[in-house]
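First chain written, first letter: the chains are A, B and C, and each begins at residue 1.
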Amino acid sequence: MDTSLKPAVGTSLKAAVVGVGLLLGACSSIQPWVKPYERDRLADPIMSWDRDAISGAYMDHIYESREGSRGATGTAGGGCGCN
Amino acid sequence: MKVPTVKLLKRCAMAAIVIASTAFAASGDASGPAPAFTLTALTGQQAALSQYKGQVVMVNFWATWCGPCQQEMPLLDQMYKKYKPAGFTLIGVNVDKDAPPVKELLARKPVSFPVLLDPANQVSKAYHVDEMPSSVIIDRKGEIRYIHRGYRPGDENEYQDRIRQLIRE
Amino acid sequence: MKSFPRHLSRLAALAALSLMCVAGAAVLPDDRADLFWSQYKGGGMDIKGESVLVRKKFSEQFAVEANYFVDKVSGASVDVLSNASVIKDERKQKSLSLDYIHDKTQYNLSYTNSTERDYISNTTHFSLSQDMFGDLTTVTLGFTDSRNKVGENNGTAFVPKIAWLGHAESRSYEGGLSQVITKNLITGVTLEVITDQGLLSNPYRSIRYLDPTVPLGYSLGTQVYPNTHTSTAVEARAKYYLPYRAAASVSYRYFSDTWGINANTIELGYTQPVSNKFIFEGRVRHYSQNHATFYSDLFPFANSQNFEARDQNLAASTNNTFDGKVTWAFAPEGFLVFKRATVSFDVTRIQFKYSDFRNIKNFNNTPLGGGYQPGTEPLYGFDAMVYQAYLSMFF
């Protein structure tokens, strides 16, 4: 019975984090292609990932308590990009 | 497994912050002639930047959907009223694609400085606006002297310092 | 004897913290107060939830959010094999969250305590979110630590006798990237690794094994879980602004863990505002998972494996969700001290189907298990309805 950590899990995490690091390094010279004055649609509340936080957390909790999986249910970002 | 993961995540977090801090432009002194423009006001009248040559001009780029822009408007209005007699003018350039939300917002929260509409974003492009809101301060000769990106409470003090400096020139 | 799904407190606490950490791009969200009511009915269980949330900025850089949630459970789920017909329990959860913004970075620190008669959970979470590349990209890193005390009620719902059985600890490491692709399209990817250790099984669930020595044909036994569990989940999502004012979203999540479970979740959503007063939203979600390596509905004999489980959550199953929600901005200009207020109603239907978990509860008291040979009882399935109503006031 494999109850020790699968090597695949550790490797996939490391790969993802290194990937993000490389992306950040490579992209520091790229200029933003969506100008801040073009962000009106992204700033619209209908484009936010989760307008109602209590409801989102509540549904996540229902699924996690009935399913065998968990995790990776939220992301930050978007909006007007102000400041 | 826990230890290398945490270390790796911490390192990438540090890298992300370092790279991020160099990737965006800060507010500061600038130079070069201010690009000329002619835009229509909400009233329908046309106005050109050249009309204000000889005065210190602050061009403030804003949008109805931008929170910090709304926060700064009353303070800009106060600043406009205070320094106008000394040869200062403030032009609000709105970048919304449609006029109705702009009319509606200004009806609820009016300002006394001129507001011009730039729905095609030509002026925003010409001034390389890369942050909302952005304020560009232009001297009496029509040269850009200072660009302020974003707005945080307290920034209006910086604006006033620069304006007073340029008025004295 | 309690039937509420195990680890609910810890999972709820984690979910609650995820609500605290949804960061916007470098501007703190508006102050708000929310009142929330919910009801879950399905699989023999009836759970009513109520919650209050208050969020306030103390400067442009700093905000505090407090949330109180109460769940009241009655009923018994199918895998609690007892004669107890009425189960009543209450879970209380309190959370406090702090947000701090400096330049392009947002920090969040939160603490949640969840308490019910036989389970206590304390969770701390820290995350930071960084905007970059003209605010087109947001990178988020998060860490969560949870300490839980696991017990069992050996009495009844009305005269409880709690025995504390042990502890469990959980750590989660999360990384996310949100990327604006065009002025109409935003995408995101999140990776989360969670490791647990300690007492990870539900004390109210049992395994069963073939036993020709008894009339029923099978006997119950104790579940034995590994005392460690590590899982990885990756989710990718996208949201698109349609040419008329509406938004469509899609998300896919892949999950894999050291207990042999692989799961796939796919979700589609559609948001349609109508004038400036209403927002209608619809969502469909499909979920499927295989069973854990040490799971079986019926083991061949007693102690046939080192680790044995018969928990529904570890069985091979699928579920499909259909959800509709309407939000009404009944006071867009504000009322009393509030700038604006909305009320929302949400109805969700979830259909659960198990491919290797059998419904034996209805038959274990009838002669010879209702006439079924052990292992031939009908496969379990049930529908759950979830109702939510909430009032949100912004000031």
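A few comments on the model shown:
To be clear about the criterion, contacts are C-beta pairs under 8 Å (C-beta built on N, C-alpha and C of every residue); 3 or more make two chains touch, one makes a residue touch a chain.
Given the structure is predicted, the values throughout are model-derived calculations rather than measurements.
Of the two chain pairs examined here, B-C and A-C, the one linked by more C-beta pairs in contact is A-C. Ranked by how close its C-alpha mean sits to the mean of all protein C-alpha atoms, the top chain is A.
Per-chain CA centroids place chain A at a distance of 31 Å from chain B.
Between chain B and chain C, the centres computed from C-alpha atoms are 44 Å apart. The centroid of the Cα atoms in chain A and the matching centroid in chain C are 18 Å apart.
Shared interface positions of chain C, defined as residues touching 2 or more other chains, are 27, 104, 131-135, 139, 173, 175, 193, 195, 230. Shared interface positions of chain A, defined as residues touching 2 or more other chains, are 5, 9, 13, 17, 20, 24, 32, 35-36, 38-40, 44, 80-83.
Residue positions of chain B touching 2 or more other chains, listed in rising order: 1, 5, 9, 12, 16, 19-20, 23, 67-68, 130-131, 152.
The residues of chain B lying in touch with chain A in their complex are 1, 4-5, 8-9, 11-12, 15-16, 19-20, 22-23, 61, 63, 65-69, 95-97, 118, 121, 124-125, 129-134, 150-152. Interface of chain C with chain B (complex): residues 27, 59-60, 103-105, 128, 130-135, 139, 141, 143, 171, 173, 175, 193, 195, 230. Against chain A, the residues of chain C that register as touching in their complex are 5-8, 11-12, 14-16, 18-27, 34, 36, 38, 40, 49, 51, 53, 67, 69, 104, 106, 129, 131-140, 172-180, 182-184, 186, 188-195, 226-228, 230-235, 237, 239, 241, 245-247, 253, 255-261, 263, 265, 271, 273, 279, 287, 289, 292-294, 305-307, 312-315, 317, 319, 327, 344, 346, 348, 350, 352, 386, 388, 390, 392. On the side of chain A, the complex with chain C involves touching residues 1-6, 8-9, 12-13, 16-17, 20, 23-24, 27, 30-36, 38-42, 44, 46-83.
Those residues of chain A lying in contact with chain B across their complex are 5, 9-10, 13-14, 17-18, 20-21, 24-25, 28, 32, 35-40, 43-44, 80-83.
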